[in-house]
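In this document, chain identifiers A, B, C and D correspond to the written order of the chains, with residue numbering beginning at 1 in each.
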Amino acid sequence: MNKIKVGIAGAAGYTGCELIRLLATHPQTEISWLMTGKTNEGKRLHEVFPHLRGVPERVFQPLEPASAEGADLVFMCTPHCVAVSIVPEFLEAGCKVIDVSADFRLKDPKAYEKWYQMTHTEPDLLEEAVYGLTELNRSRLPGARIVANPGCYPTDSILALAPVLQEGLAHLDSIVIDAKSGVSGAGRSLNLRTHFSETTEDLQAYNPAKHRHIPEIEQEVSLLAGQKTSVTFVPHLIPMIRGMLVTVYCKPTRETDTKELTDLYKAFYDQEPFVDVLTDGELPRTKNVWGTNRCEIAVQYDPRSSTILIVSVIDNLVKGASGQAVQNMNVVFELPEPSGLESLALYP
Amino acid sequence: MNKIKVGIAGAAGYTGCELIRLLATHPQTEISWLMTGKTNEGKRLHEVFPHLRGVPERVFQPLEPASAEGADLVFMCTPHCVAVSIVPEFLEAGCKVIDVSADFRLKDPKAYEKWYQMTHTEPDLLEEAVYGLTELNRSRLPGARIVANPGCYPTDSILALAPVLQEGLAHLDSIVIDAKSGVSGAGRSLNLRTHFSETTEDLQAYNPAKHRHIPEIEQEVSLLAGQKTSVTFVPHLIPMIRGMLVTVYCKPTRETDTKELTDLYKAFYDQEPFVDVLTDGELPRTKNVWGTNRCEIAVQYDPRSSTILIVSVIDNLVKGASGQAVQNMNVVFELPEPSGLESLALYP
Amino acid sequence: MNKIKVGIAGAAGYTGCELIRLLATHPQTEISWLMTGKTNEGKRLHEVFPHLRGVPERVFQPLEPASAEGADLVFMCTPHCVAVSIVPEFLEAGCKVIDVSADFRLKDPKAYEKWYQMTHTEPDLLEEAVYGLTELNRSRLPGARIVANPGCYPTDSILALAPVLQEGLAHLDSIVIDAKSGVSGAGRSLNLRTHFSETTEDLQAYNPAKHRHIPEIEQEVSLLAGQKTSVTFVPHLIPMIRGMLVTVYCKPTRETDTKELTDLYKAFYDQEPFVDVLTDGELPRTKNVWGTNRCEIAVQYDPRSSTILIVSVIDNLVKGASGQAVQNMNVVFELPEPSGLESLALYP
Amino acid sequence: MNKIKVGIAGAAGYTGCELIRLLATHPQTEISWLMTGKTNEGKRLHEVFPHLRGVPERVFQPLEPASAEGADLVFMCTPHCVAVSIVPEFLEAGCKVIDVSADFRLKDPKAYEKWYQMTHTEPDLLEEAVYGLTELNRSRLPGARIVANPGCYPTDSILALAPVLQEGLAHLDSIVIDAKSGVSGAGRSLNLRTHFSETTEDLQAYNPAKHRHIPEIEQEVSLLAGQKTSVTFVPHLIPMIRGMLVTVYCKPTRETDTKELTDLYKAFYDQEPFVDVLTDGELPRTKNVWGTNRCEIAVQYDPRSSTILIVSVIDNLVKGASGQAVQNMNVVFELPEPSGLESLALYP
């Protein structure tokens, strides 16, 4: 079989270089080109990312679809509001697209306009795009032309909530998602909030109840619940590079216990190559999934306060971004789903 | 005025050395003796804590009340279940006691027995002990013989909740406290969980719904609410040395908004020297209170999910332990409350 | 005695806010004004530095000496090449100046021109300025009009070398200084090198043999040695906020051993309030001096390779910058040298 | 070709689990058994190392060679002084051995006795063992029965020094190696020095001129130099998990410059799959080699102080331990040298 020719647009950020890392050892892909914005165009890959010396040198091209030749698939790792204007050209040129940015995630163009302050110019593509939370939408992916790769917080939160929502076990009016993310989620752009001396030995909540991943979470939660549902979502910045943990709190709609909940989750994710449901009181740690596409989930019932507790961890740059993009590519092209994603967590 | 003669029992741990740091520059105290358990008894202070070279050298004595001479006040920084057996001797010898450990916090001896697996042998002292969350119980402190210094999580959580509870603004059946603590809260004893390579770049929940600070939080929440109340409490270990942040979620009992809530908190803590209520969307950061006895709180209303959000930060070793102990001492001995606690946060 | 009225120019960086922290609790100073460059002028202090909420609010003024009223002393915390053009105005207005920047450290204007690519316009002031490594130049400080506060690396390196150089014990042709600094030394300006995700879990040398602190170290080493001397100097960036450690290697000019060397250092620094010479194999740790003006030094002889080893640690923002500036102020104004610098290290 | 059957003795530490990680995805090995000491024997692999859930579950056996069946190769990851008593049994059973511990590195049994306080009972095996710094001893590895895998500091230091030593360019009486290591090098055993709150935001030298890697470095340096040579070696503990950087200082035996030195290093390591010599002023960073078997080296000449500067970085657990062990295995069994070691650095 011929290798899949892949282009990466917006390749000079953290999701871009993570994609290069994963694709460079993927047995069935070859990277055709890398594009990037003004800051890095014309620079050599090894200059911008010396840790990638192990892969062949190449040069970052400007972000111009017309100059992209011969790709079967384009990954968009651009900032939000960029993909929407470029993706149509790639599609017309016959490329498939996996958009790692936020531009095709919200089905409702009005929601996009509200949360991103921009009119969405491609409502038909919105309609067509498959929301690529692989575990939930696997059947719709093979052959898809455009995949909206989920955000990191939505990936972790929805994987945590899907089983109880589908089972109708959670009251829908009091779902709380307390989310914690490593700093790499904020990207490579400079900002006082991610300046080493400001972030180290610091802990803070940010954008409480206002983060742009909220409409994305609510869209999928509503689909799973079968009715429009709001959630409370507060993200926190944790002084570590990678890793994301969400702690979800919800009230049961009927009597339940830890055993029933765990069995439900075990059954739900039984066949999944990248989701592990923990048992016997074991709890997820982000370190267990460092650098991998895996998700660890534990669920418990707190009888004292009558609350269901769900803890779920991923690596925000892998399952939360570039790894899930590769997983989606594998399903779209009908390759073995774990291809290129077999490496184990780096520990300690 | 004569200086207060102070003894510290259990002085070789982190709360002990933090007390020494604070008392060494306090204008009205002098340290009479330091006691400690087997591991460090007989060692020199500068050997165990070279960072304290700036204070006079002395030797750690064994943990024997009989050998303690001339203290007006004893701070207990011992592990739980130690103070209960030693404190009576100190009281008989005429010392006042501020117990930084957990032994005199739970008014109900049965709760102590349930959560600490030990029968409490001093129920009368339990009755007598003032729960030293200074801001709430200030009036009962002057002259008190025994003060139960609150735990770090309870301090932060109760300061966050007190205004809405007192105002009757929070539904009592769905209070969620998602707590995050730096690693120093786990103390100086060696443990794989606090081994550098295991803890760095890691994030995990621990003891969800089972932490020993839960009955303490519920006792005080119930007092403030005027009825027995349960809370959901999940603590998380954050890869940083100091700092604690709690994010509290509750449902309002009536319509409210951010402005009303903020005004309520401003009014509630208006005269407090160590509590700052933030306004205009500003959010607390643990770095702002690093090394200080201060607490920063922000409150917001999330209209989309109809939820009150409260974020509160402290330094777990200062306001969450040794600093609050000094604050309580100041009030007990009717000194100016901020004495010895004026130093500013180390930043960055 | 009247309090000293102090102004701080360039007060919105890390050395500026560290000075404010130290001066705010200094018993004999009051801050008259804060000036800063374009980015922060007009902003409120608590907006830029919320950790300073404990001190009275004030506004950052633009960097204009003419608008500065009533200061007895100005601290310059500006970037290099700024002080040289502003300091004369402050001096004419009758203020004393302690320059925390690099502008008055190199006695030879040609050296300044070579290393800072700018002609020095105030050679007379260069001549007049006292190089404020307090321990070495204390006698020249009382009443001085202008003090050049040393750089962090020079402070740590020269304190490490002074005793062996003065004693003539070190060969001058093979002095190696391997220096390691926490990240706060790079300041608050944004840079990819100090971006959290790039710096955490990373270690690198930078500017080997080309750092601007080299001519400053060599100037003072040459004075101590009594002849022009070159040193090898390589700095490294360590993933921590504060703290600096230099490891110095030199060859002895005659037979020696650890005991003789330690005695020499003990004697040399015997009366110093801020320098501790360690004995009995104990080694310095940056954590022991975190947030303090102290320096810890240990010296050993390695008979196997015939080499003198000296290890010296400071807090780069305190003894390496703002703390030493306060120490110099105390000596200039003939106050007790430790005033305002008594706080102990924060630990752990 | 049949897969190589591999056993790992001492598999419950960091070098052990790193070996499992590398071998689990190696195309030509299969793990036959894992042995370990008392603490973890009988435990399940996923219990001790949940991050390895991606590999099949198995149980840690006690450390008994007799119970080891069917291994072609045994990796010894035991503490020093354990391998020496067990390796002979494995060899007699027909296994090859790669000893990741220190027991077969020092050719001179007296040096072993001096530095490890134990008489070496297998001098013949010492003689036979190939010192597995692959780049220098590649030709002697194919078919070798026993390989002494180098220590982390020696690996990094000798790779840094080999070219100048072989070329006779370095004076042998003043070689200084200032070494810095991440904390994982200290292993998984609990120790106050590696307790999170003690190590974070701390920097210290340890065992200056007394570290057990010194005789190993000197043995190989002497071989390269053609005469007995001492070096000055001071290691430092850096608050990060992985990564090692050595800064080497030496005096040239004749005139030289950066270009000549860089050309020498480029030529020396030209064919090496795992050593990159940097040019054009670029400097190594440990982050560039995080999780990989690569070494990055830069060399410069400092004309001001007439000193050759060499900076070299590795990942202490990979090229400094388990990765180099796999590299040696590949050469011993005449597999492609990079097999199982192709993964790229995790970044950021």
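Here is the rule we use: a contact is a pair of C-beta atoms (placed from the backbone, for glycine too) under 8 Å apart; a residue touches a chain by one contact, two chains touch by 3 or more.
Everything numeric in this text was worked out from a predicted model, so none of it was measured.
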#### Entry: If a chain touches chain B and chain C alike, it appears here
A, D
## Note on the structure
Of A-D and A-B, the pair with more C-beta contacts is A-B
### Summary
Distance between the CA centroids of chain B and chain D (whole Å) is 46
## Note on the structure
Rounded to the nearest Å, the gap separating the Cα centres of chain A and chain D is 37
### Task
Return the distance between the CA-based centres of chain A and chain B, expressed in whole Å.
39
## Note on the structure
Residues in chain D with touches to at least two other chains are numbered 14, 184, 188, 197, 200-201, 239-242, 285, 287, 290, 348
### Message
Under the definition above, what is the set of chain C residues touching chain B in their complex?
### Response
14, 17-18, 21, 24-25, 49-55, 184, 188, 201, 241-242, 276, 282, 285, 287-292, 294, 342-348
#### Entry: Complex contacts: residues of chain A adjacent to chain C
14, 183-184, 188, 190-192, 194-197, 199-201, 239-241
### Task
Under the touch definition given earlier, write down the residues of chain B that touch chain A in their complex.
173-176, 178, 180, 182, 197-198, 200-206, 208-209, 214, 230-232, 234, 236, 238-243, 245, 247, 249, 251, 283-287, 290, 300, 302, 304-307, 309, 311, 313, 348
